[in-house]
Amino acid sequence: MLLSSDILIQAVANGLLTGAIYALIALGLTLIYGVLHIINFAHGALLTAALFAAFFADRVLGIDPWISVFALAPAFFALGYLLQRLVVWPASRGEDRAILLVTLGLAVIIENGLLFQFRSDTRTIDHPFGFDVVELGTMLLATTRVVAFFAAIGVAAALFVFLAMTDTGRAIRAVAKERLGAELSGVDVPHIYAVTFGLGTACLAVAACLLLPSYYVTPQVGNAFVLVAFTIVVLGGMGSVPGALAGGLFIGVVESISGLLYGETLGQLGIFLIFILVLLFRPQGLFGAKA
Amino acid sequence: MRDHLAPVLIVLALLAGVPLVVDSNVVLNFLKVALMLALAGTGWNLLGGYGGQFSFGHAVFFGTGAYAVAVLQVRFGINAWAAFGAGIVLGAVLGLAIGWLTFRAGLRGSYFALVTLAFAEVARIIASVWPLTGAGAGILIPLREGFLTLQFGSRAEGYWFVLALLGIAMLIVRAIEVRRFGAQLVAVRENEDAARALGVDVLRVKLLAIALSGGITASAGAFYAQTFLYLDAGLAYGPWISVEALLTAIVGGIGTVWGPLLGALVLQALSELGKHLGGDAPGLGLVLFGAVLILVVRFAPNGIVGLARSLRPRRLARG
Amino acid sequence: RAQGGPIRIGVIHPVTGALAFSGAQGRVGAEMAIADVNAAGGIKAMGGAKLEAVLGDARSTPEGGVAEVERMASGNVAAFVGGFASGICLATTQAAARYDIPYLVDVGVADNIVTRGLKNTFRFGPGFGVISRVAIENLVAMNDAAGKPARTVMIVHEDSLFGSGLAGLLNRELPGKGFEVLETIAHPTPTRDFSNVALRIRSRNPDLVIPASYYNEYVLLARTMQQQRVRPKAIFSVLGGAASNYRFVREFPDAARFIMDCNHWVDGRNPSAQALRRKVDAANQFFTYELFLNYANIMLLADALERAGSADKAKLTEALASSTFSGHFMPYGPTKFENGQNSGAVPVVTQVLDNDIKVIFPASVAEAPAVFPVPA
Amino acid sequence: MLDVTGLRAGYGPAEVLRGIDLTVRAGEIVAVLGANGAGKTTLNRAISGVIAVRGGTIRFDDEDIAGSRPAAIVSRGLIHVPEGRRIFPNMSVRENLVMGSYARARANRARNLDRVFATFPRLAERTRQAAGTLSGGEQQMLAIGRGLMAEPRLLILDEPSLGLSPLLVEEMFALIGRINAEGLSVMLVEQNVVQSLALAHRAYIIEQGEIVLSGAAEALAADPALQKAYLGL
Amino acid sequence: MAELLAEAEGITVRFGGLVAVNDASVPVPEGCIVGLIGPNGAGKTTLFATIAGFQKPNAGSIRFRGADITRLPPHRRAALGIARTFQIVQPFAGLTVRENIAVGAHLRHAGRADALAAAEAVADRVGLAPLLNLPAASLTVAGRKRLELARALATEPQLLLLDEVLAGLNPSEIRDMIPVIRAIRDGGVTVLMIEHVMQAVMALAEEIHVLAGGRIIARGGPEQVARDPAVVEAYLGHGAAARLQGGAHA
């Protein structure tokens, strides 16, 4: 098949735009994974919840997602914080496999609670820039996605600095590997766990507000993103913020190019094959430290 | 050694008697599905519970067993029983292949979990485009009831069949538990380096475990295909199957013979209960199910087997 | 059953899980029909016996559907309606067959649902084979009528049974009918982004785009095409979620305008169809094919009950098999079941015109003339 | 400064500490000695709030801290350098030390870092190495260094000489003496009985969760029963 | 001197830029107790890891009973009769002490009953008998050290590598352990031990190798090594050296 370089370049650009959103979702996952050592099965459901929140902010209160993000991100931080403090932690008592089940239970509750409350309709918003494009040479890039791209990169960068430079960031990393040691250094472990969960959830709120103008909401919508996010987390190296960002962008481009060449279905295969290859040759992920 | 198998045999015999005293198809259907999940969970438990290798992708085995039995019958005209056996073998071989790729590369813990998840996804995508598996259209096993076609006319027969499969699987697990292989498997779960230092061939132990695990879970998939007679990629390889396999084992009691069976029964019952309490409002039943799941975890952190043990007077460790 | 007690009807749909939206729509249709039958005096041949819906949730899986069949069979239902997805219908019809309880398939378009020799299984709507054959015939006829404006085609389809089956058929049939298929693009459900698909369409610039996708993907595709300024001469879809969905028409009128769809649809001129439409609007629901197909199936069942004069399984099955029901609002004519398939069932072509969905083909049931090719 | 009375604690059904009474006065080095499994580590864990206290009181600076959270106890300046090092393996040596000043003495972080590096030059050479790859002895130094970063008022050291070479053990005890001379109180849990008693002012002997002997270190060192039980003489 | 059971020859191990072990050779005569001492970070544990097969050397070879085993994986070496303990203990935390030891015993005993019986016998030898039914997680550090020893012994090794198994014991406990280790040697097991507890090394080892900065800086009999000025400077310190001298004369 003949593909002009124009098309290839635009496909790469599209991939990067999508990848940034993936990265943001993966970022939340990798944070929670890195500290709680567990794959948060409720991540997809929480993303769905965030999308619903952004949707109703727009529909009912008339607040554009790009504005409401400034309220929803803190609100979802609080939600995540409280979920961890009041549900996940007490129910699991910090046991890895119990956390797994609790997050699974949460996912079922959130997803079906939304279904029960709002039914399974597909909802979309009519965003003022919904059909605008940024023209870059021959490329037409959706304005909403370009904005999302830069916002996502910004959030990732901020998070990276936060983890590397601040005491709370260091405490998060410390708790991740050595709980007792952290406790004896004066770290309030349940608090740090909850902060981490809150941060991961806040990332979802940001992702939701960026996604909504070009996407839709249903009670199952989050899951499609989370499967990719899992891949990205491993690809980038578990717990690594730059890894999640790079992995997200990389996966976005791979998906885009292989989708272009082999069709969207087989294009998905491209993601997972890359994933398996990376794991076989660099099991610690692109940015992961060796075990 | 016989003594070790006795409790399993007794319970199996009791379960086998159910259709003789209960003639509600609702109950039998309930039990049949629960036993099928228990079977999938028993496979998961061997690798995840005893071997400590948590898989999030056991659908890859379930689906392969299911597709094998369907494709071999439909496309190649192979007898259903032979196809069923082939499905189990294929599950085991696939287990070996996946194990060889992942364990050799030293993948463990959550990495392993996510790699298996990826394998299941790859399988799902392949099955959704490959003409042999019916691609997107799926594959339908023609309806022909009979012993030779392994399609049972009565609910009881199907029930006994899956019970027999589960029984064999449980006996295998029980036998492993009291042998060298079992001890080594558990040692690998607890600490690979220490196991290696004590002369355990960690790779071999894991490979054997994943092969057995794959075979057992594949038999559940084969049973599924042979019962519902229709498969598509989402049904065979969908992520929910992977979740149910691990859920039954963990809720029941990880690393125990009884865990998956108890877990499957309890989870199925909870799901029915949720449905009952939630009424006809879509979603409400599952919300209740999720809430109860969290409560179960809260009050039975070591699974139902663990709960039962803690209620009994403390027993000295097995000797 | 006590004389004069209500007649229980098992209404099984996937109202949770991936298919929840379609399942819920189907349930609404069945419940509306049952209410209407009861309001009109119930089953007169049975002394005005009322119908009672026993609701079931198949949870979007075959085993979920079977569990509901078992539960309801032990609760003495006279018949089943529903299923929605082919995979569920295959399993539920088979389970119901063990009890010889008649089963009316609402949507489930897979042809083999009715070719397995199950005596209890009836499908009122058209199966996949008929839909796709008619779709191609209609497309060719419309193109011919308009002076063959469309010659090149791109197909975008979801990768499960319905999309890939259709794409295969189109690829086989269209070249012989004067069309050139430039490219066929498969995508999974869900697909997160259609930018590249739009990109490819833009670069190949086909006259005609044929999407065969479920609702969410369809909407994303149409939106992305609009955004990327992809404007083919027509978008002609088959069983295509959005082109026969009022939500889409309302929310994205620009993206939806002039889209055509070959699908299950009511005879828009039929008064009872119009009445139902009003009722659905009043109830703040969307008028979708899942809804009215279930409605029609209940009507068909009520008619069979009248003729059988009994809720006895064998008699009811017999009455269904010999049914010549014509009091429905589908453009099918009187029902006539051959091996359980209603042989008169056909799809029609609809188009989004003036923010409404109108039947445009075949002429015998058309409400409005087709706009084809689409004005630039 | 630290006043423990009637302390009881344990794990699950097993009660390990069965009424411990112990005091550390300001400026003292107190050695806690006892056989394996006597409950020394459990005592430390109970004092620093890592495990629940089942009875008795723990007063630090005249306030009851029994039942407080570890973070709160650390903020008061009671720092526990745990057995088995418990450093952060994924973080660099420097970051480990910085974490030591998470709850206390943040303002003096830079100064304290220099002090720790001066005390343990080996760590200064390895500031960027991941702590998990340090040798056993290096990890021990790091753990103590991390504890010092919080400017402790009372330092609990659980077997600090474990795994150190004789030379370093020597230096370690000298170091403890030095920081004590600067005014820091130390509670020292050790198996290195001879040197501990030589360094400490007072000592307690724990057996099976109870204090069986206590007094001035010199007197204990001369006690024949103790010599037989713990010095292998 | 007895025949060599095992020999590490010219071993070099690098971690990135760091040379942890630098061209070190350690011969281990059969039937002996050989000590390996040296400052923290000298590379002792790393050298052990290469002998047991956990660490690939960048250069050098490992010989066992004359055969080159440099490329064998750890479990094959265990089967040949090399057992190691871990300085940072690695118990099977979720298992009981008995089950922990039985894993080692299974190397030579296929049957469950045999392995458990062997485990109990070994537990007796190292003083773990009263703790057999406890979960390994509840052992104290010293208990875990014993467990390391017991598990290794249960594999019925010919060469036993002990990495600081006496650390964390008090002097009288160390005194009690010395005969245990000696008895192991007398039972025909060759021992190579890393130990910082000099009294024990001096009492047990027939030959001592001193590793510093990755290199062997001294070797010889205990008395000789303890007097070596380089060893005193790098490792013992003058205080300890003096005490050892005193002890030796006492």
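Residue numbering begins at 1 within each chain, and the chains themselves are lettered A, B, C, D and E in the order written.
Note that a residue touches a chain if its C-beta (ideal position, glycine included) is under 8 Å from a C-beta of that chain, and two chains touch if they have at least 3 such contacts.
Predicted model only: the values in this text are computed from it and were never measured.
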item	value
Chain B to chain C, fewest steps along touching chains	1
Chain whose mean Cα position lies farthest from chain A	E
Greatest separation from chain D - chain, by CA centre	C
Intercentroid distance (Cα basis), chain E paired with chain B, Å	44
Inter-chain centre distance, chain C versus chain D - centres from mean C-alpha coordinates, in Å	75
Computed distance of Cα centres, chain E from chain A, in Å	48
Inter-centroid spacing, chain E versus chain D (mean Cα positions, whole Å)	28
Residues within chain E bordering two or more other chains	none
Touching two or more other chains - residues of chain A	112, 115, 119-120, 219, 265-266, 268
In chain C, residues with contacts to at least two other chains	15-16, 18, 20, 24, 159, 186, 188
Set of all touching chain pairs, with the criterion as stated earlier	A-B, A-C, A-D, B-C, B-E, D-E
Residues of chain B defined as touching chain C within the complex	24-26, 29-30, 33, 125, 128-129, 135-138, 140, 142-143, 224, 228-230, 232-235, 275, 280, 282-283, 285-286
List of chain A residues in touch with chain B within their complex	33, 37-39, 41, 87, 90-93, 95, 97-98, 100-102, 104-109, 111-117, 119-120, 219, 227, 230-231, 233-234, 238, 265-266, 268-269, 272-273, 275-276, 279-281, 283, 291
Touch list for chain B against partner chain A, complex	56, 101-102, 105-107, 110-111, 113-115, 117-119, 121-122, 125-126, 128-129, 239, 243, 247, 250-251, 254, 281-287, 289-291, 293-295, 297-298, 301
Parts of chain D lying in touch with chain A, wherever the complex brings them together	48, 50, 69-71, 74-75, 79-82, 85-91, 95, 98-100, 102-104, 106, 130, 143, 146, 150
Of all residues in chain A, those that touch chain D in their complex	167, 170-171, 173-174, 176-178, 180-189, 191, 289
